[in-house]
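To keep things simple, chains are lettered A, B, C, D and E as they appear, and every chain counts its residues starting from 1.
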Amino acid sequence: MTPRVREILSWYGADNPGVLTNLARMMNSGRLKGTGKMVILPVDQGFEHGPARSFAKNPDGYDPAFHFQLAVESGCNAYAAPLGALEACARDFAGEIPLILKINNSDTLFSNKSPISAMTSNVDDALRLGCSGIGFTIYPGSAARKDQYEEIRFAATEAKKAGLAVVMWSYPRGEQLSKEGETGIDVIAYAAHIAAQLGAHIIKVKPPTAHLEQEAARKVYESQGIKVSTMADRTKHVVQSSFAGKRIVIFSGGEAKSTDDLLAEVTQLAQGGAFGSIMGRNAFQRPKAEAIQLLHKVQDIFAGKN
Amino acid sequence: MTPRVREILSWYGADNPGVLTNLARMMNSGRLKGTGKMVILPVDQGFEHGPARSFAKNPDGYDPAFHFQLAVESGCNAYAAPLGALEACARDFAGEIPLILKINNSDTLFSNKSPISAMTSNVDDALRLGCSGIGFTIYPGSAARKDQYEEIRFAATEAKKAGLAVVMWSYPRGEQLSKEGETGIDVIAYAAHIAAQLGAHIIKVKPPTAHLEQEAARKVYESQGIKVSTMADRTKHVVQSSFAGKRIVIFSGGEAKSTDDLLAEVTQLAQGGAFGSIMGRNAFQRPKAEAIQLLHKVQDIFAGKN
Amino acid sequence: MTPRVREILSWYGADNPGVLTNLARMMNSGRLKGTGKMVILPVDQGFEHGPARSFAKNPDGYDPAFHFQLAVESGCNAYAAPLGALEACARDFAGEIPLILKINNSDTLFSNKSPISAMTSNVDDALRLGCSGIGFTIYPGSAARKDQYEEIRFAATEAKKAGLAVVMWSYPRGEQLSKEGETGIDVIAYAAHIAAQLGAHIIKVKPPTAHLEQEAARKVYESQGIKVSTMADRTKHVVQSSFAGKRIVIFSGGEAKSTDDLLAEVTQLAQGGAFGSIMGRNAFQRPKAEAIQLLHKVQDIFAGKN
Amino acid sequence: MTPRVREILSWYGADNPGVLTNLARMMNSGRLKGTGKMVILPVDQGFEHGPARSFAKNPDGYDPAFHFQLAVESGCNAYAAPLGALEACARDFAGEIPLILKINNSDTLFSNKSPISAMTSNVDDALRLGCSGIGFTIYPGSAARKDQYEEIRFAATEAKKAGLAVVMWSYPRGEQLSKEGETGIDVIAYAAHIAAQLGAHIIKVKPPTAHLEQEAARKVYESQGIKVSTMADRTKHVVQSSFAGKRIVIFSGGEAKSTDDLLAEVTQLAQGGAFGSIMGRNAFQRPKAEAIQLLHKVQDIFAGKN
Amino acid sequence: MTPRVREILSWYGADNPGVLTNLARMMNSGRLKGTGKMVILPVDQGFEHGPARSFAKNPDGYDPAFHFQLAVESGCNAYAAPLGALEACARDFAGEIPLILKINNSDTLFSNKSPISAMTSNVDDALRLGCSGIGFTIYPGSAARKDQYEEIRFAATEAKKAGLAVVMWSYPRGEQLSKEGETGIDVIAYAAHIAAQLGAHIIKVKPPTAHLEQEAARKVYESQGIKVSTMADRTKHVVQSSFAGKRIVIFSGGEAKSTDDLLAEVTQLAQGGAFGSIMGRNAFQRPKAEAIQLLHKVQDIFAGKN
């Protein structure tokens, strides 16, 4: 147990030793073990965007076993997926990597102005599948926010009693947000803070842009001179907005992009104090060897090795 | 127990031996026993479309006993029906064929833009009636998808604990889908994937057309060169979209059609790797002898005998 | 479904189709399928008498898989065992043979004047393991009879709701019975009747002797001229005492004995109208080939083939 | 994940992936990771024998943190203790070593002819403390066996649902057993078998002597020529009695003894196929450096390194 | 918050902040606030010994308000009493002093060889009365120990979830203990350890004598040279036996005695590292002014002021 992992665990003083154990398991797995940094492989895109859009580029990905293998072989800290994908392989990979059960999911066959995911599994499933945590998407900005905040309130309570970590995907989206606003720095920082306030142990957000969405916020950002010009600046602000850096905040890779662009972005995230990346499409849509190489590079950046 | 049945059971590693037993019972019944292929007779059309539309063509079908007899005598792997029909005859046919209790149903006296079926029975009913599984319809694309995904989440959890197989009818339908889109290949593959992710053991979809409904999907199908021109191509893609073929995917017969058309379609489904057919109207709207002959032909196609 | 199996099922009119389905499964498995006769392999002797006394003679029996194999390969109707033995192999043999979970067990490290077994598993276990029924030992004659009758009352209620068959091992034993009395015809007939009255679907008793234990009973047996001189006579009386033959009554093989003695006894049981044998030690303490040969002979006797 | 660990996991086919994950965690921790062998440090002697008798010899042991440190630093696979001791340190050592919560305990301020432990914690406690399993003592031979078998039946059901491993301490003791009989080979083998049948994943027994306690057993041991003269012979027989070696059986160190005697005994246990040792007093009553040295030697014996 | 109070709180790492808050409340009330020492006024003698034996000497004590006043005015850390006494005055004294609800009680109208108290209130009562903790008496050595350990297991689980401190009165008593043995140092140390292992936050025992009750223990005390000749020695050993001093251990005043004897005893307790006294009869059977004077002296001893 490294001092850094101990320090991070010390921030979760209201949680029982079971939750700390599972947070420690995630931080002590894979190539980044002991650094307090995390790279997580999430594969819910099949559910969220459909199988062809997710897997056609690298057809190995149609098989849920591929993702387990990729997560294990690339030395990720954890693997996150919906119920069916975990049920398909959890027996064969038992004990090989910490698992996060994504307990709610959306699909794109119906698009809601007020987005809200469906609950597709629960804490009992997470326990029987041997998971270290549950994952949950909230859409701050949605007219349905009340329902989803209350769903995670109940699920998080159960998870914490059972010693499971709570990971929140916090994705601003809704009627009163512009498309640009969904990743604006004021909105992303706000979304991270909401997740922290809802009791998340680990917060996942998208890399923010310099856009400022809300007029009331813009005034403050400008008058107070909050730096948002570089991704590193913005990352720092998001991390600060998550209890002054005392919650684990990780960033998604977003849409598939070129390796160079991706690594440049990750470098900025790392410079800004991000705790890691949760990288799906950018990893699993590549052939395994290439995906592993990429994930290793990302891990090396967070480990300060590059 | 044939090697193929054992192989199929090995895909369900998160399930208890009770679920495997009931999956094995279905795969080891009827004329296709041991092949890992399945032909199932479903009769929920009386509920879904009304009795006259369903049974007037072959009035024997008004009697639920007719369908049990047809399923048994034709050597189907299982018979699926709503509560009332199973209650009517389960005693008389106890032990003769695996049963699937269809636990939700819709009728056409009210037509919903956002379709959702009513829960009409439950896992306790399935156990008292001696069923091997429960059946559930989801309508991906419906604005009510959240409710129905959550209903099956609870019912599936109960069913799995009790050792029952979970069969999902996944029928895309909703405000944002065109009529053509409901059977478009991108949508059907997506619907099969959603059922797999929701934890279905057996997935039922309609035979897909070459139509591509979603713009984002179309780009991928075209750029990745996913073959969708023949029914065999499309079947292969749907099966691949269901955990790389590691979930049992069966196809409905759809609207009543000519015998030749039907058998041609089934031949393509079999060539594409379908695990079987679930054939209702096309069977029970024929006189019994003719229906049996048809079902035998369908079974022979899946057995590779034709 | 043979007429005889249908006839037998017709005796269980208060039971739901689920129970009938599981009774039918047992009657329609193995070499005696369809005859209404049953040969069941029970292996709880490891628990009841200790492993060496049970398995040293044929050390293959230390492995629970051996007993599954023996039951399957010999064409038995069902296999009965305690929780641990079923948990060890139920996945590997899922769907190969109907299982009976023995939900209570005794050991001989403590011998009770008022015998009562411990509840070691339950109906939920039976469902998750894919069993067709539960097995339960009662000791009529024990001062603890109230407790055990009430235990099976609750377990049987649950089992019947869930569509599981209830098999009772009815072994008279207690302070007020002589050793000889435990197998006396009056006592065995009484024990079978108690099991029938407690709601057993299948009753297991020991082959009775001509001994008459109870003075009040002796007078009746003698005055009414109840024939008890041959095993066939006594079997007929036990079967008659079980609702005039309308409950399935099977007989244990008792202590290991010579093949000839055993087959002679079985022949008498069959002549007396027994529904079958439940034969443990006499089978599994022989090498597999020899055990199979023996079980086949027993089955042939019940099938009227010898 | 080594082939041996995978092989061991394959024996637990009725368990969910959560249980396999926790069994894997124990097998993949410490110096014996991946070998399928286990050395566990148990410290319940304070409760069982009183603090002075347990800790005066090495007063560091009064502090529960000492035992966590010893278990971690010596590279044990797991640490087992009652509620209070785990509550005292589980936060500080979160994630450092798999924990087993001993959920029932006895003390020696009252000595019962029919021994039975008190339930002192439960599955919810195990989850909130981050444990990988629960531990439970049964006393086969006790007149109170029924109560304790039923207590563990309920606790084990809950544990298995929640993905926790079930470890049973099986200690024969009771009115009808002589003092010598408590460790006689027939009785120890029987006790191991009972634990297996009750559904234990890991079985702990004492090293058996050549004494034969039960007359009925003695005849079989002698007539069948079961070898019991060396500890290796006896160990082999106990392992065989635990589902032909398909359950993890580990042996306690028993009363404190000289290092040479202890290592000689462990060598024999290892030769006989034991899966490991669970060594309390013999370890923690030594100064830490010496205890670690001893535990390393024991581990090396099981690893085949000495 | 003093460093010492923080240090003490740090020992309760498995407890939630609610429990820590209530422990802090008790440690930060009264004249000993911040010292980590405690003097608690308990008044359950009316229930335990009858009103006249308890209150006739100082008739003010018939009024429950007297004890609240005494506890508040004397600057005690907390006041402990059964349900009725707290219900009588909790409104009037709300917020004035931390309360401990004694949730089980015995009376002397029936004397049991195997003592066990009756549960007379519960955690919900403690919450509605504004208590900081619950109190519970165990009688290690009683044949009824199993029942009482299991009662406190459930009550403590509930209390901890609700953020309440758990105080255990651990009073050895039972068939196999001599009268002298009930306060023998080996037995008292053992009783304190059992309370610690059962999860007590605060342990109350009687001041031990130099008597050694258990033969097996005596050998260890003598061979290891455990000092037990002075009360300070013995106190040190009891505190050490309570997780090396990492549980709060307080000592009762025992039977009413002279002021000088009492203060001499308390001085020794303090020298031995006791965390405080829980003093009933010796306080409330004196007139209030005198009682306050006495309690102040006791507090001063623990504060190191005398």
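We adopt the following convention: a residue touches a chain if its C-beta (ideal position, glycine included) is under 8 Å from a C-beta of that chain, and two chains touch if they have at least 3 such contacts.
Because the structure is predicted, anything quoted here is derived from the model rather than measured.
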| query | Out of curiosity, which chains are bumping into both chain C and chain D? | reply | B
| query | Which chains make contact with chain A and with chain E at once? | reply | D
| field | Rotational angle, Cα trace of chain D fitted to chain E, multiple of 5° | value | 70
| message | Please identify the chain with the largest separation between its CA centroid and the CA centroid of chain D. | response | B
| task | Round to the nearest whole Å and give the separation of the Cα centres of chain C and chain E. | result | 58
| Between chain C and chain A, distance of the C-alpha-averaged centres to the nearest whole Å | 57
| Centre to centre, by mean C-alpha position, how many angstrom separate chain A and chain D? | 40
| message | Counting only Cα atoms for the centres, state how far chain B is from chain E in Å. | response | 67
| query | Which residues of chain D are in contact with two or more other chains? | reply | 13-14, 16-17, 90-91, 124, 128-129
| remark: Among line, ring, star, complete and other, the chain contact graph is other
| message | By the document's touch rule, what are all the touching chain pairs in this structure? | response | A-B, A-D, A-E, B-C, B-D, C-D, D-E
| request: Report the residues of chain E in contact with chain D in the complex, numbered from low to high. | output: 11-15, 140-143, 145-146, 149-150, 153, 157, 172, 174-177, 186-187, 189-194, 196-200, 214, 216-217, 220-221, 224, 226, 237, 240-241, 243-244, 246-247
| query | In their shared complex, at which residues does chain C touch chain D? | reply | 46-47, 49-53, 55-57, 59, 62-66, 82-92, 105, 107-112, 116-122, 124-125, 128-129
| Touching residues on chain B, where the partner in the complex is chain C | 1, 5, 9, 16-25, 27-28, 90-91, 94-96, 124, 127-131, 161-163
| request: Using the touch rule from the top, collect the residues of chain D that touch chain B in their complex. | output: 13-14, 16-17
